[in-house]
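Same chain, two partners: chain A is paired with chain B first, then with chain C.
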Partner chain A sequence: MPSFKSIPLAIALLLLSACASHKPPPRPGSINAKVEQLSEMSYLQVTDLRALKRNHLLTVQAEINNPDSDNRQLYYRFKWMDTNGFVVGNEEAWKPVLVYAYQKQTITAVAPSPQVTDFRLVVQSPDNTGQLP
Partner chain B sequence: MYKSNNALKAATVALLLSGCATQSPTLSSGNVEYGDSKAVETLTNEFGSTDLQTIAESMANSLLQSPALFAKSRPLVTVAEVKNRTSEYIDTKSITDSIRSKIVKSGMVRFAVDTSAMQTQVDELTRQNQTGLYKKSKSKKMGNMEGADFRIEGTITSIVKRADDVKDVYYKFSLQLVDIESGTMEWADEKEIRKTSNRSMF
Partner chain C sequence: MKLLRLLFLVSLLLGAFAAQAAKIAVTDLAYAERVSGYFHLVDYHNKSSARGSQSDRERDSFESSSASSRSSYSENSKTDYTEVESSYSYIEYGELRKFVGDIKGEILRSGDFQVTQAKPYTAKGSEKVYDIISRIKKGAYPGADYVLFGTVSELDFRDEVNPIIGTDTLSNTFSLMLVAEFSLINTRTYEVKAAFSATGEGQDVRVVTGGSRVVPSRGKVVSEVSKSLGIDVARQISEQLGGGSYRNADPSTGSSMQEGEVIHFSQ
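Now for the complex of A and B:
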């Protein structure tokens, strides 16, 4: 019969191990360096991300892949930054997008100002069962 | 002695707890709280804040990529009416105001006074020039207003369908950019939104 005294110890160890699980920081230039997930998405993946200046404004295109057999909901918005890392403009509105089963959905956005040189794609899916990134 | 020791401990704990409790700078009945104005709102099927924000962002993004706007350096644009052809009340001026704010912030386009603000503009010029209250050298002259190069106009329409407990609303927001001198349409785009609600019996 297991001792009841050992249960709190086991819980404490479990909590400590959960706190200690760190992911390595994303490589600069990788997709993960530009994507902020509000809790890791279980099904949807950002599989492609490209940006270029068009008419002096940074234009971004992201590809969201749903490898699952069910349709999945995604909420997203962009954060725009200048060369010094300061956020440009107000926060964008969250936008809903439905990604069908096995679909690759493309989303595009244009920076609000020519000062923008960098961006972050903030994504959130209600189907989150993963750990916080 | 023992009792006084306990009282001392209780006082210490109370002191520590009161030290931890921080006072928020709020005055609240407990029933009202601030939310995220940018959150996705799906309370009802009717036109809502997320629809307005999504349309404004989508249209501003598309317009800022229009080659017609960049053929001239910082062209002058005016906003005409966006007609509401839906079955519900929608403040279309609020949508065009949001689109205009986003485009102005880009610094790529200038906006001329539109018809709704023209009376205020005329009143101000008249006050400066005809009341005799202002120094002639410091007042803004009549007859120097600039005419817009382009006009933005559009419509919003909706199709509403009901079947049993399902209500489906489809919105289409169409916007176009017209060259005022030539009368040619230089850019047009649409944003479509579908909202479906299910009124379950259970």
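Now for the complex of A and C:
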């Protein structure tokens, strides 16, 4: 009989755990909607992101902040997409950047084609938490 | 009462029919262009002749010997040189047989008008191409209630190469911009129902690395210009005639971002 009493509790726990593991989707127009982290970064943060169309090519600038007292390694690459959401061009190589302690590092990239209208900044760091962002 | 209602319905139907039957003819885009030229003509003729002769005579015997020699040389030369230079300039009038196909297409899509075919203007070198009333009177637009008369204001080709900042590549942009003025004229009253200037723009952008050479696609650029001009014309006609119902379902450019516009993503 005690097992029946524990069923609602188990359901409630299951629901809670489900809520905890599913974060709401990022707000459109926010940095999180444009940045893909391969597991959450412990120290580095993308603090500023802006895009500009120059000479018909999308130009993106991102600011990476390291609020920690140690130098931190970052690897990044861009994913370029057209209006239909299809990826344009081949997959880029990972680019390494060393962000010094308390430094704000700016990275810029230019789209490979004028068809590009959207992008994702994919970032990873050896100091990632290993958990989903 | 019933008769009145019937008459009212008939008049409504007739009105609807008349509204549906509004026919529009789209002229080719008239243009005037100043043609200037310069010529420099040099005419040079040179005729020369030279003639020479020489004779030697020698005589030798037991008692005496003698020798004589004679030579002559004459040369004649004649040169004619003419140099003329001048510049000339004239205004060429005509109609551009391009860019109106998509205007007709977009007007048809809007559903406000039926499109009839206009007779092309074929007379050469005359300012009469702008005399639209005379052309209407001469019957150049058979069956049309309205004539959309367009004139070219500016046609501008640009070929630019710009370095892409932060890379060793260049952006090669070949673009064409066409600005034309339009008047929508009633063929019976000559009332101008709408007047505006419309723009058509097209470009072919290639990313090149140093040393490589690209040939821009002029066809793609002209096609884009024609499409965007058609969309702009249909939109402005719709706006000025009060409907404003025109919606372009398929924008050709597809890009929501404008050149030079900065998007700042929030935290």
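Structure notes:
Following the convention adopted for this analysis, the second predicted complex is superposed on the first by the 112 of 133 C-alpha atoms of A that agree within 3 Å, B and C clash if a C-alpha of one lies under 4 Å from a C-alpha of the other, contacts with A are read in each partner's own complex, and residues count from 1 in each chain.
Methods note: a residue touches a chain if its C-beta (ideal position, glycine included) is under 8 Å from a C-beta of that chain, and two chains touch if they have at least 3 such contacts.
Fair warning: this is a prediction, and the values are worked out from it, not measured in the lab.
Of the two partner chains, chain B is the only one that A:77 touches; chain C does not reach it.
When the shared chain is aligned, chain C comes close enough to touch A:30, but chain B does not. Chain A has more of its residues touched by C than by the other of chain B and chain C. In the overlay built on the shared chain, the residue A:96 is in contact with chain B alone; chain C does not reach it. In the superposed model, A:117 makes contact with chain C only, not with chain B. Contacts of A:108 after superposition: both chain B and chain C are touched. In the superposition on chain A, A:54 makes contact with both chain B and chain C. Overlap of the chain B and chain C contact sets on chain A: residues 54-57, 59, 108-110, 112-114.
Remark: chain A residues 27, 29-31, 33-34, 47, 49-59, 83, 108-110, 112-114, 117 touch chain C in the complex.
On the chain B side of its complex with chain A, the touching residues are 36, 38-40, 49-50, 53-54, 57, 60-61, 64-65, 67, 69-70, 102, 105-108.
For chain C in complex with chain A, the residues that touch the partner chain are 162, 164-167, 169, 171, 173, 203, 205, 207, 254-267.
The touching residues of chain A, when paired with chain B in their complex, are 54-57, 59, 75, 77, 89, 91-96, 108-110, 112-114.
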